[in-house]
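For reference, the structure is listed below as structure tokens.
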Amino acid sequence: MINFGIIGYGYWGPNLVRNMFEVSETRVVAVSDMREERLQQLSNRYPSVEVTTDFRRLLNNPEIDAIAIATPVSTHYDLALQALQSGKHVMVEKPMTSSSDQALRLIDEAARRKLTLLVDHTFVYTGAVRKIKDIAASGKLGDILYYDSTRINLGLFQRDVDVIWDLAVHDLAIMDYILPSSPCAIAATGINHVFGGTENLAYITMFFEENLIAHVNVNWLSPVKVRRTLVGGSKQMIVYDDMEPSEKVKVYDKGITVNGSPDSRYQALVGYRSGDMFAPQLDLSEALKVEIKHFAECIQTGAEPITGGQAGLRVVRILESASLSMKQRGKLVHLAPDGLVLSRGAA
Amino acid sequence: MINFGIIGYGYWGPNLVRNMFEVSETRVVAVSDMREERLQQLSNRYPSVEVTTDFRRLLNNPEIDAIAIATPVSTHYDLALQALQSGKHVMVEKPMTSSSDQALRLIDEAARRKLTLLVDHTFVYTGAVRKIKDIAASGKLGDILYYDSTRINLGLFQRDVDVIWDLAVHDLAIMDYILPSSPCAIAATGINHVFGGTENLAYITMFFEENLIAHVNVNWLSPVKVRRTLVGGSKQMIVYDDMEPSEKVKVYDKGITVNGSPDSRYQALVGYRSGDMFAPQLDLSEALKVEIKHFAECIQTGAEPITGGQAGLRVVRILESASLSMKQRGKLVHLAPDGLVLSRGAA
Amino acid sequence: MINFGIIGYGYWGPNLVRNMFEVSETRVVAVSDMREERLQQLSNRYPSVEVTTDFRRLLNNPEIDAIAIATPVSTHYDLALQALQSGKHVMVEKPMTSSSDQALRLIDEAARRKLTLLVDHTFVYTGAVRKIKDIAASGKLGDILYYDSTRINLGLFQRDVDVIWDLAVHDLAIMDYILPSSPCAIAATGINHVFGGTENLAYITMFFEENLIAHVNVNWLSPVKVRRTLVGGSKQMIVYDDMEPSEKVKVYDKGITVNGSPDSRYQALVGYRSGDMFAPQLDLSEALKVEIKHFAECIQTGAEPITGGQAGLRVVRILESASLSMKQRGKLVHLAPDGLVLSRGAA
Amino acid sequence: MINFGIIGYGYWGPNLVRNMFEVSETRVVAVSDMREERLQQLSNRYPSVEVTTDFRRLLNNPEIDAIAIATPVSTHYDLALQALQSGKHVMVEKPMTSSSDQALRLIDEAARRKLTLLVDHTFVYTGAVRKIKDIAASGKLGDILYYDSTRINLGLFQRDVDVIWDLAVHDLAIMDYILPSSPCAIAATGINHVFGGTENLAYITMFFEENLIAHVNVNWLSPVKVRRTLVGGSKQMIVYDDMEPSEKVKVYDKGITVNGSPDSRYQALVGYRSGDMFAPQLDLSEALKVEIKHFAECIQTGAEPITGGQAGLRVVRILESASLSMKQRGKLVHLAPDGLVLSRGAA
């Protein structure tokens, strides 16, 4: 049994508490939040859980094995670091940290103390994304040629983070899980329509060493809600539409065939292939439940989580590069092969 | 009665012939194409139309008032110029020309000779786009904040032009008609997946002097067909989905309201407005028919067509800037206020 | 403050408890269920609520003002009658009872004792159905010409009731609320595919005194989920699609116009009208919350609830007539103007 | 080469002419229509085709092998009979005739003269319906449990035939092709909203000897266009949505499993199966072209067409039984095993 303390009981906190009680390997011992009324609501529903406005009481509680951090992103680093230094395993909301330096520091701390660090890239644990990963990993798609995602709706304008850190983080976490490699350069554009605000609409293009391109379209100011990702492969292509009540993942046996060799004097001839479409049955388990079980297993076995610190770091690196590029109207930002930001704006 | 000669009887030619016969003010006198079998097909259906493999016969035919050019883009300039120099009014397929210099030259020639020059931006004449224009021009949308268009499908890979010149040209023509101003800078990215080919997938971001951004996503390698444009205004927003069998244009009474003044010490407070949706009835007339009637009227009155040479030029300028930016992975390309490409890649 | 006792804590019970706590005028005092494990689950979440396996303790509790009955339909009559006889107001799940005789008896009992009796036709309290009612009542639809509803999915096969009593009851409750009159005759057909089971697929046609027809298509064995109702009026028509994430109600300014008078020697000429479509914003309040508030108000004021005993009775009468007709392969069953079943199968 | 004469050049005639010219085995020699302006339009497009207002000239033309009849249904019988008596093969629009007696007479005449008689059930020749037939015939669906079709839109109100003969005929022709047997009894309901008109909205339930039910919902007065058919099998189920631009046929690996034997003391236990969905690629050939080729082959080989006189007769029998039942508000009409109407309204 893994005993959890949770820091932050806002939008996501209740989902953490519920699932940690429903997963047989975990339970919640204590929750901290600075807002008394939130704690009161928790107590009404879960009288057995200890509540406090001081998160340090959780860190100092020897009964607690692991800390889940569900607070604003600017606090993730400090809280996660203290939790690790207190010997607790850590599950931190996405984005992992505000900067890649912070993310690296947390990875180091967890590694040195042999503690499990998991970033809550929840979508990675959905049946849909796991199925896409299986298909991509099986080679059925052939070479992946592009990844194109749209995540738009009339959403809550954030004050502290731009739409990339708020919405694109989901797409980047999914993409990081599905694609076999990481981008080597990024060009992002966007706009802010509110005085004193952050960009509420953005477009990110990511280049890879392979002949692959990725693009993410995120928007807080759309009249319609769209959650659609295309993964184009040389053999098959996937459309993942999270707004579909069922058949969220559709695999199309469509594509082109290129006749002719690179050294041909004549232009390549392109053929078009059209075939069946297939919508595999998806595991409907709640993603957060699957994730918490996975975290519990990793704690027990010492295995690296699927969405461990390295995955969190890779996503943060893309986020910071994208925001940097966006400030300069799409100036190309290079990322080193190991994910480090190489050159800042020197295209 | 306007007598037409048509150069090029490929994919689009039969639509031109049919509509020119159905519009009472116009008729087709002669058609040229280099392929005998195409001319034979035409003769079977329209035995009264003169056919020839030599387009010069059309230019020299005094009975012909106007020439429609439906050939590959690389030939537009030469053919249109010769037609104008022969004293014919000209209707040229989009994109108008391969370069803005060529477009400027055609505009000059038509102006000097007082001939009507129309670029076949067909979508501009659809009931859907005309309705969007009406709504935008009425001020009901408020300030336009963004324009976001997606045009993807498993399309014919072109050899001579990239996907921007093939697909984005539609979006740019529509955008040029709807928006009150033209972009001042462009950043485009894309990829080519076929050896020896052109970019088959591209993303274009356009910046404006106003606090407005536009984006176009075009792709020849998508398993699904999407034709969707969002026009986000400060008061209302439009979704134009050309794949809908009816209700192609939806107007949403949704948006944000910003409380607080620019000099406020406090961050702006954003409110969210959600209201009715409205799908206006659209004129279902065939766009090409509306366009040919308009062309005939402009010839008779001397008025500048809605999609005249200037509109054609503005679109070509965006196309060439976008291709230029795309070659340099999104490097910003500035356009002068009058649409001239100012600096090439010097961000 | 209305104090509630709830009999039955199965599928629907938790929704009742949660909403009764969230509505400021109501709270839950005690809950009974025959299954100890259900009561244990309740106690974990709501430790303040008294639990018991004996519903009589609720009826005898003087602190309790009203009883909500959320048990299988076969028990509704006995439990509701005893609750009324104990002086409690009653909110009973739909269908109200297993027979119209039982429903009449409950109405009498409530009237004699001046107690409020509400049947939980939840859909009537949704923003969508209330909006449709408003539009229909305003006369904007003109004369209502037809009502056509489809409610199909791969649903739980019930053992005690057929698909009409399980699914069509929703459509009939909505129809009863929206239409100005009740059907005068019913013809229903259906089929049972499971040995020893009840009809799992059924079609009900309802005739009215007016030139109006209604039809309901219900099916537990559909591979796709459909929840769609058409309300055809002589002026406007409504499509209500409950599967739409937003824009559940669409009002079409479409229809026919009939030229020519009844005594015309010539056949009427039909014209076709096509106009705008309009999707009004809907109140997104949880229907059950709206309903519980309404029940509390009716208890306090003595007003008849929108979905009172009479509405419950009308729906039960249609249900029993439909099942009767279905057993005889669509034999017409007449209903008296006051809703009584007149002739059973004597067409 | 089969030489065709076509009687009737209204809505469907141009499609017949075009396809007969495009199919290499057939061509059009002459067309008759009583309206001179229709013949003029034809001559403009196809100057080689002989036109006449007297259909007898076609019957007497020895050059003509086969007659296609595309006139109002009330004339089908007379024209087809005369064509057969003139020794011509016959392709007649659906519905085949106004009565089953007429249909039987035509079958006899064609058989005696060894002429090919085809009823133009066009949908049967679509890639979608042929694929459904293949799947059903392969046994993959298991036992077919139900067939449920909706065909509604704001359609042209017909004067001579009701909505069943106009719209349901399509569904019945498809159903006749797909299902292994014919209905044994029919109950239909409907309504007419126009004085002096015919029923413009109807519901048909069909019972079979097997534990199978079929239902058709047709409506000329719907604000939205729906073309959707469900074929429910014990193993798999199909949704055929003709409004989908692609993926018109979806096969769902869903259903129920019944545990327990008929003689079980305990009620059957129903299990639910949910699996993949599969949308097979469809042949996109124009249905009418496929049909004309098939007709030409049948003429040459003497084979009975897929949609020969017997199929036409079966559909007419259902149509006349349905109209008969509808006049009596759903009274059951029995059909003999060989398709004859057994008892008229004696349920």
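A few comments on the model shown:
Letters are used for the chains, namely A, B, C and D, taken in the order the chains are written, and counting of residues starts over at 1 for each.
Methods note: contacts are C-beta pairs under 8 Å (C-beta built on N, C-alpha and C of every residue); 3 or more make two chains touch, one makes a residue touch a chain.
Here the structure is a predicted model, which means the values were calculated and not measured.
Counting C-beta pairs in contact across A-C and across A-D shows that the higher total falls to A-D. Ranked by how far their CA centres sit from the centre of chain C, the chains are topped by B.
Taking each chain's centre as the mean of its C-alpha atoms, chain C lies 38 Å from chain D. With centres taken as mean Cα positions, chain D sits 53 Å from chain A.
Chain geometry summary: the mean Cα position of chain A and that of chain C are 43 Å apart.
For chain A, residues that reach two or more other chains under the stated contact definition are 274, 277. Taken in their complex, chain C has these residues touching chain A: 45, 47, 225, 243, 245-246. Within the complex, the chain B residues that touch chain C are 247, 253, 274-281. Residue ranges on chain C touching chain D, taken from their complex, read 145-146, 148, 150, 152, 154, 157, 159, 185, 187, 189-191, 193-197, 201, 203, 205, 207, 211-213, 215, 217, 219, 221-224, 230, 232, 234, 237-239, 250, 252, 254-256, 258, 260, 262, 264, 267-268, 270, 272, 274, 277, 328-332, 347.
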